[in-house]
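Shared between the two complexes below is chain A, which has chain B as its partner in the first and chain C in the second.
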Partner chain A sequence: MTTARVELEVPVRDALAGLLLSVADDEFVIGFWDSEWTGIAPMLEEDVATSSIAQDELGHAKALYELLAELTDDDADRIAFGRETDAYRHAALLNHARGDWAFSVARRYLYETADGVRLASLARSAHEPLALLAGKMRREETYHLLHADAWFRRLADGAPEGRDRLRDAVECLWADAQDVFAPLAGEDLLVRDGLLPEPMHELHAAWLARSRPILEPLAGDLADRRPSADGRTRRTDDFAWLHGEFTMVARSEEGATW
Partner chain B sequence: MNHAQTGTGGIWEVFRQEDDGDPMVHAGNVNAPDEELAMHYAREFYGRRGESHRLWIVAREAITELDDPDLLKPPFDRSHKKPGGYIIKHKLDAAKQRAATEAGE
Partner chain C sequence: MVSPTTSRPAAEARIWEELARIPDPEIPAISVVDLGVIGSVEVEGRRVRVELLPTFVGCPAIGVMQEQIGERLRAEGLADDVEVAITFDPPWTSDRISPAGRERLRLSGFAPPTPVPAGPALGQLDELAVLPIAVCPYCGSRNTTMDNPFGPTLCRAIYHCAECRQPFEQFKRV
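Then we have the complex of A and B:
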């Protein structure tokens, strides 16, 4: 938005750019992890569903990168594919390799519930293009959550092996899941100007209140953990591998137009 | 739905409506362990490109099938039961000719 760029003070604009980047990278990275199931999901129908949902997430990332590119006078493809691993700002939850099916289900459930809380807030953002986009994304994410929830309940209420694997995955991911709500640089400015209607710690509390009653019958008491300051900057070897995969084509001919 | 509880799964027939008011047309089918996932899969197979206004998802076993040729293709001429009714074109032609002949006399 040209107008937004003119109207916002530089520190506010930078903070908004950080917020957009954090949401975009979350959607981008989970989209790539889940697309790894294409061809090997439990059954053909699920293969198509998982692949389609992964594509939806990449579509959301694309829209967010474009919004960011307009704000910062950059290029969406460059932002998506042209950064080194340490410049990505996805939550630590998305640092892990896809694991087994239960692990992917657990992560999607954790992420979709957190993303749902975040999007509900962003749909009321004073930055109108973001509010409009978040509203559109919510319509699709509602369905993604239903799908993740369907699988979560199936494994949680099913045979012992699936239940054990799902519980192990939730326990493994619990600490890093908090970091979807890791504090953002300049967050106070975003909240002050209504660009982020609620601070991250409030969204975190709302997510806990909603997700604990579902998760604890499976996983037992889950530790109280606060989102960590480096929750969006910690990177892993798993992510470095994924980054190599998703930048491979873009890097093979830099600046190519297709 | 019985198998929804037992989780044995089955085939679900999917019907789609392209626009509001259009007829529901058989689109195909999906394999799913229960009604909930059948709905998700039907959406992905027959609605993810925005091509459907409405879907009906029906367990194949809930469909009553009739394919007995003795009932559906009886061995007699039943053309008089077709919506077109009796074919009277040749009778009309004959009547017109008769009328013309009578007028000429």
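Then we have the complex of A and C:
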């Protein structure tokens, strides 16, 4: 990684660590949910696509955990695999099991559009290693957006069963999707110092302006909901199951590396 | 410190020459230099620092490339200490593939990536209205369709040529 020994006040460093952890955990958890489709996606092309997207997301998570480890003098593998379920900070949107294909498409669409807005901002972060990484990630996420958008439209404009399932999934996930923009501890400091160029509530508004016109023809009027204060700390049994899966090797082989 | 007995540009040139012999682990037809993943080379006496620009952040070949570069430069007696650092400054883009590299890709059945569109549109959904076009590496036809923007590795997409009816891969535009 690009080494940039930044001298930050402790509260600012802690807030930056929280930001890095939130993005890393989002990418890590959605990457593992996607990998649950490997071998059983509806068609061969989707086996390849979801596996490839999952590999991208896990690669992004790894790079972000490494930035975090450098900032906090920790170990990226320990951060990724050495925590209990309640120490993960992914958005509530990513708590749900993968569900059926329509559910995965709905979640991917909600997540990728939100992540796109967030990455565009982070690419301008005053924390240069983060800005560089976010800029590089955006080039890859373009393909994820393409994939999510194509499938969303295909189901939304298709046969009634797919359309109904997609609509039900959007309604089920809508409240939790807001929590990609849940407020972060020390966010005022991050914005003050340009580490997070826009506050989360502004990014949230930008995302709504962009995603609502696509979602509402399918799902009808979607309720105005604010991201919740516990949007990155609520955990579910679904996530506990996934955590058991992705920590299995680390638990059985202490010191194993990825 | 530059060793007084070593002409720095010559030492660097020798390293680049050697790096140009290291094949990409996933597509061995092209070297890491032609692929554009070598960002810079610095020589300080017997110590060499190479900056490596990953094609994709999660590319599993990164570690293999780091090892191969270190081993090769030490085995050729060009350095005692080799550091291969990963950086995204500048980010690797498919425009970094050299003209010779593009030709080698084409000869091995990969369509080279089309140029990356300029401007701030990159990474935005709007940009996706224009899908990358691929020229068939076998018959040269532009009458091709993308079957899957995802392929056997992170950096490859799958196409089909309507002219010669041959499936082929494109090195992704990114």
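Convention: the second predicted complex is superposed on the first by the 249 of 258 C-alpha atoms of A that agree within 3 Å, B and C clash if a C-alpha of one lies under 4 Å from a C-alpha of the other, contacts with A are read in each partner's own complex, and residues count from 1 in each chain.
Everything that follows uses one rule, which is that contacts are C-beta pairs under 8 Å (C-beta built on N, C-alpha and C of every residue); 3 or more make two chains touch, one makes a residue touch a chain.
Given the structure is predicted, the values throughout are model-derived calculations rather than measurements.
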item	value
Touched partner set for A:Gly116, first chain B, second chain C, both or neither	second
First (chain B), second (chain C), both or neither touched by A:Glu45	both
Chain B versus chain C as contact partner of A:Pro199, first or second or both or neither	neither
First (chain B), second (chain C), both or neither touched by A:Tyr143	both
Touching partner for A:Gly18 - first (chain B), second (chain C), both, neither	neither
Chain A residues touched - chain C or chain B, whichever exceeds	C
Where chain A meets both chain C and chain B, residue numbers	45, 48-49, 52, 143, 146-147
Contact set on chain A toward chain B in their complex	43-46, 48-49, 52, 143, 146-147, 150, 154, 158
Interfacial residue positions of chain A with respect to chain C in the complex	1-2, 45, 48-49, 51-53, 55-60, 62-63, 113, 116, 119-120, 123, 128, 132-133, 135-143, 145-147, 149, 210
Touching residues (chain side chain B, partner chain A) in the complex	7, 30-33, 36-37, 40-41, 43-45, 48
Residue numbers on chain C that touch chain A, as the complex places them	54, 56-60, 85-89, 91-93, 122-125, 127-128, 131, 147-152, 154, 158, 172, 174
